[in-house]
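Got some structures for you, see below.
In what comes next, chain A is part of two complexes: it sits with chain B in the first one and with chain C in the second one.
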Partner chain A sequence: MATATVHQTEREELISGSEAIAIACSLADVDVITAYPIRPYDTVMQYVSKLKADGAFDCDFIVAESEHSQFEIVKHASAVGARTFCGSSGVGWFYAFEAITVTAGLRLPVVAMVGNRALDDPGAFGVEHNDAMAVRDLGWMLYWVGTAQEALDTALLAWRVAEDPRVFLPAAISCDGSFLTHSQAIVNVPTQEQVDQFLPQYDRGRLLLHPDNPITVAPQVNEDWLMEIRRQTDDAMRRTSDVIKEAYEEFKQLFGRGDPSPFIEEYMTEDADIVLVGMGTLAMPVRVAVRRMREQGKKVGFLRVKFFRPFATDEIREALSHCKAVGVIDRDYSYGSPSYGGVLFNEIRSALYTLDNRPLMQSFIAGLGGREVLVRDVEEMTSMVQGSIDAGHVKEENTWIGVRE
Partner chain B sequence: MTTMTQELPQVRGVKQIPVFEGFTSGHRTCQGCESALVMRLMIKAAGPRTIVVGSTGCMYVANTTYYSTPWVVPWMHTQLGSSGSAATGTAAGLASLMRKGKMQDEPINVIAFCGDGGGVDMGLSAISAALQHDEYNLLILCYDNESYANTDIQVSGSSPWGANSTFSPPGKVHRIMNRRWKKNTVPMLAAGHPDVRYVATACGSYGPDFTNKIRRALTIGGPTFIHSIDPCPKGWDYDPKYSHELGMLAVETGIWVQYEIVDGELILNGPSRAIARGIRRRKPVTDYLQRQGRFAHLTEEDLKFFQERIDETWEKWWIPGIVPFGPHDEGE
Partner chain C sequence: MSTVAVEVVYRGIFQKTLARNIVRTIVFAARKEGKIGTAFGRYGDSPERNGIPAKQFAIVSDSPEELEENLAVYEAREVDVTINVDDTMCKGIESWAWYGLQPINALTKPGGTLIVTSRQEADALIEDIHQKDSPFNLAIVPATTSFSGLWVYKDDHTDVRILGALAKVCPELVSLDSMLAALEDQDWGGLKLTSARNSFDRTIQRPVEPGEGNDETPFTFDLLGWREMEDGLVIRGIDGGTGFRGGSLADGYDPINSNASGDTDYQPTRNSVFKKFSTRSMRPVVNFDTCIKCTLCWLQCPDTCFDVTPDGLYDANMEACCGCAVCEAVCPVAGCITMVNEAEFNDNNSQWEHWTRDKDGYQKWMTQLIEVQKAHDADTERSHGYHSPGKYEAESESEVALTGDDD
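Coming up: the complex of A and B.
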């Protein structure tokens, strides 16, 4: 459909991650969008509302009275066949938790942005990954974005994969608060034709809630059927990997950009003795640190996990099977977890368990509440991992970085 | 701005209630469940081009066993406090798709129902929000069996004073555990959302009146709200065959007032109108209370208190039975 913003040629714009996703919404011709204010994700809704106000984007934009309603509204709009978008941050995401849970259970392809934020109290606006991670077991696809460009591209990919009838699962696009939501970068904005070619209309098919298809959705099943239904959702999540690969290949052809893998990004890992692992905008200081340490002759690399769900077990195993030690940098915490490690750490450690030559594994908690992770922090972590290699074992399995004692 | 609604004419008498059944066999509600009748009447009035969304409660759990759904129309569950959001989301989805030409344009009724727990308590804020969206045609029906029935009968903000429930059992020290007076829901929503064109109370004992209210709500345009009083043999503790009679007694004693507010105008219906006009005397509340086990522990004094509170609503309230406050009387 032609709207005022449809540009016929790809264009470059200096925009933030939030604005990139708002533009993706208009390019995807999303039908129903719901908003509720909470920093930092809500900037995306400021851009969406402006696009709508200017007549550049035709959607039903609803300012809900709570996050719970925000997610319930899109859930029901999705059930009658509407393409949807919403989002939240921190405690807002938790306020919506009930609705978030059932959206996956109902297999509704809602796409949401999470502007990662600390779970106050005590009050804090900065990034932590615990908010989005809380849904990791529930059937949401979870992606951690590294740049504004990736935010736009991932949003398009998210609708494409979520709405694929082989999948029909919701997808959350996690964007680090401030570092991504509010920081501007040059972004290639695709043309409407490119997007239309990549993204078919959402077709709910025989699951459409409509008088022409009078089905009963979510009846009471109890122990008679719940296990089979859970298994179906598990099967759907298992199918996501292939659907993502397929869509990503097509994306790369149509848009002319992308990484070798949709799931992970490897940076100087090939011959590395030490591989650091992390998600989101953490990649920036880590890449700089890796380059510096390489200049000093240290064999260090970085693996960025992009899809946290589905977790790319095989690719991660493969990427980490040749190094001596792995240092996982979590921007989250998991009180009382195995080794008191971060969430990502324990997932990675579990994925590597079956390797014949398991690398040493060390967990770092860093950058909580939006505290910056500095290049020298990365160097410090790396030297701790080197210490473990030298000692032949890991002395401290978990370390909090840069904490005032 | 509202889009087109269906044409659903008012009925005159029981014989004009449609033969169409949208809620049939397959449900597992208790014998004499008045809420089940409310569902049946609701969908008869609305007809087949309707999407119904129901929040958690008896009308979900007892109604939609997998493989034996009683719903002939499309039906979807929503969360306990989400009837308002479910109605909004469904209506918004349809409106957007039709406006953009992605779905055939036709008026489809959207009804979301909730119990008193889901509506009067938990879902109040979402219902209030739904009532602010005059661009969507939708009806929220709160079926009020005066307890959280499905979870084994617990008091809600819509339970009557003194009622015995599993969270308000009369005990040796505290005879009256539920000391809250029932919320005055419809006037609260009407006063709080003056742009809403239709709100009403209803009772399944009055079939044609009930049908007409559903139809008015669905055809007037914009968001609407109906609150029905539903006798519940299990929660109220009486022989199921008296459900209809108890509904009528709730009205005839003046405990429940039947009315609708259409474009800002209050219209009392049936026995409530006769009571307000002084044509008919209110029956004593004991006629109603003493028929139900949930009030069996009330003493003479308690019954007197109950009667006085009801008298007060009719004799002292600014709009009898409906609006408790009024303009300040300057006096002499």
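Coming up: the complex of A and C.
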């Protein structure tokens, strides 16, 4: 059961992605957790409050009166040296946006879970990535999780990296609504000793807001100061890559699992003519489709982007430099964007611009509002990309998949 | 290559924990045999709402790669076993996650099994269950509708009895031994293990042939394409009502014969594609001879399901009734409205029509139903406003008497 009191021995549990993150909170001994309900994120607060009620986890658990206060509270708690966690979904995340925006500027290592949800209206619980995407320019690290196991592991990684004094930036962990937040899978829960060894105490050092360390945080600044402050945050984000690599290597040693790269997952890309790209649980039907198409002799591979911020430009360039064509499957939309393509598509296309041999690029919008992306959808997209290769150019730069005409 | 999928169809909120216990135990039991599995609820369901049909799934595979083919979906495409823990849902289900009535066996594979907890005979259940083109098995675990697992109700072993029956009807999922081992891991020893074993031995099975069962076409809903929908999230309202079944008696309108001739304007102000009636596990039966036309049922019904008849009576429209029993509670005339188990009915026909056509026949029919319900109430210790209205109040009274509160 998910409510064991002390994490002494490694154990296998049947838990959802949300439950995995709640357990990560307990293992990381988070000090302050704030909550305000919205589906599908609210499953995390349910599990956290259950752990607390069962006496298995001691933290200040504050149910705020809105998402805005929820994020304000952790922001301030983080400034006084508390390890923090909170989260939201869809328009709830947007309601908190003033607080979310300044958290990065103030260099506060808040860790948040975004249970990806369509932006209502119309009312819809299903996954779209536009909610979490909104922080992509603001100094938040942004990660898309693929499994419940990865949700737990990534949460631990997130505190480790965010609270590193070289970084001090917030991190958002995106979990697809339903497919991760509400689906129970077999997860290996690490021991407390493993986690203690991996995750040092959060030490804010000279930046700690405390009477013994008199400081002012965030005074009024104008054109004399702001650009330098922005550049500092930019530099912190540039430093995240090395810190992530370092932490991930240590994670793999301590926990005995992980991918070759913390930033991307490559699946049968080595000799692929066509590489599909996507994020989150979309990977599940895509991997199945890739296996089937490989059986038919088609050279298809898949690249899963895990860290959207920092964007792993070099690794992605390397992974996509040998194929003939790339099909990017976005579970988001960006109305009026270049080529009317998805957000991920345009980021990838931008990253590949400097390659000598640029692959053909094709954009797909799929799975909005949580619509299932099926194996046959993936096969359809692949055959459209193959059509572009055969024609020598891309006729339709962007196509919506699985929409009723 | 082997994947086995099981769905549990249950009523929110009362049976949510029961369903969860079943699907989780399936995955634990499969783990005993080195298989890997997932358990999940049907996202988009609203299982916190009283009585609304909802689903949970367990999918088990030999390898992670095979399991992956069944992940990131809302429902399995088809299931080896459908488990229905409230036999009134054999008539079909409409959850909050989809539009239209889904037959209870819609996802059951050819040759698969539908397990139902019920005290009804197989033939009575098959009358309710929609026909399929392919054969399937009906397995019955003799039991009333259970709230086992909901903290305020006592454990009646329904969970382990279903799991025992499941090991029997679907040996390719897990063996009984693995199932029992998974139960023991959850500290469900002793009597619960015996219950599971007994159920394994005693489960009733009945093959159902293609074409056997309810031949009604379930109501469906056409989803529009993006070019056909109105811009701006605008949904047109439905036209206002035109009176009881489209006319009044004063104008010489004959509602009964009009209806019999196929005129369907029975309730023009109601949504024809969102009916909700599969939420109902009981329905009101009205004694029109004792009705005093006080309007309370009509006023208080949360689903506006009472039609005002030309003679000023109130006819509960069975396409709209959710079975909440508010009408029975507010009716000031003893015995005028009685809630009766939904399993006793095979159609949604108008009671007022029946009564108008044949008053003596209606009295006999109604009296018999009320007797059956009384026998059912006396037979079960369970009490709940939803399933056995009236009993809860009676028990509350006796508890008040016990505590000496004489206010």
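Keep this in mind: the second predicted complex is superposed on the first by the 401 of 405 C-alpha atoms of A that agree within 3 Å, B and C clash if a C-alpha of one lies under 4 Å from a C-alpha of the other, contacts with A are read in each partner's own complex, and residues count from 1 in each chain.
In the analysis below, contacts are C-beta pairs under 8 Å (C-beta built on N, C-alpha and C of every residue); 3 or more make two chains touch, one makes a residue touch a chain.
Because the structure is a prediction, the values reported are computed rather than measured.
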Review point. Looking at the overlay on chain A, is there a clash between chain B and chain C, or do the two fit?
Key: fit
Practice item. Could you tell me if A:Pro211 is touching chain B, chain C, both of them or neither one (first, second, both, neither)? Key: first
Review point. Once the shared chain is lined up, is A:Val80 touching chain B (first), chain C (second), both, or neither of them?
Key: first
Practice item. Identify the partner contact of A:Leu14: answer first if only chain B is touched, second if only chain C is, both if each is, neither if none is. Key: second
Review point. Is A:Glu65 contacted by the first partner chain B, the second partner chain C, both or neither?
Key: first
Exercise for review: Give one of first, second, both or neither to describe whether A:Asp224 is in contact with chain B, with chain C, with both, or with none.
Suggested key: first
Point to revise | First (chain B), second (chain C), both or neither touched by A:Thr233 | key: neither
Review point. Who contacts more of chain A, chain B or chain C?
Key: B
**Study point:** After the two structures are overlaid on chain A, angle v-u-w for chain B, chain A, chain C in degrees (C-alpha centres, nearest 10)
**Key:** 90
Study note, to complete from the structure: Shortest Cα gap between chain B and chain C in the overlay, whole Å, is 27
Review point. Overlap of the chain B and chain C footprints on chain A, residue-wise?
Key: 1
Review point. Along chain B, where are the residues that touch chain A in the complex?
Key: 48-51, 53, 60-61, 64-67, 69, 71-79, 81-82, 84-86, 88-90, 92-97, 99-100, 102-103, 108, 125-126, 128-129, 133
Practice item. Using the touch definition up top, name the residues of chain A that touch chain C in the complex. Key: 1, 12, 14, 16, 40, 121-122, 125-126, 176-179, 182-186, 281-282, 284-285, 287-288, 291, 370, 372-373, 375, 403-405
Review point. Which of the residues in chain C end up touching chain A in this complex?
Key: 24, 27-28, 31, 36-41, 43-44, 65, 68-69, 71-74, 186, 223-227, 233
Exercise for review: Using the touch definition up top, name the residues of chain A that touch chain B in the complex.
Suggested key: 1, 29, 31-32, 58-60, 62, 64-66, 68-69, 72-82, 84, 98-99, 102, 201, 209-211, 213-221, 224-225
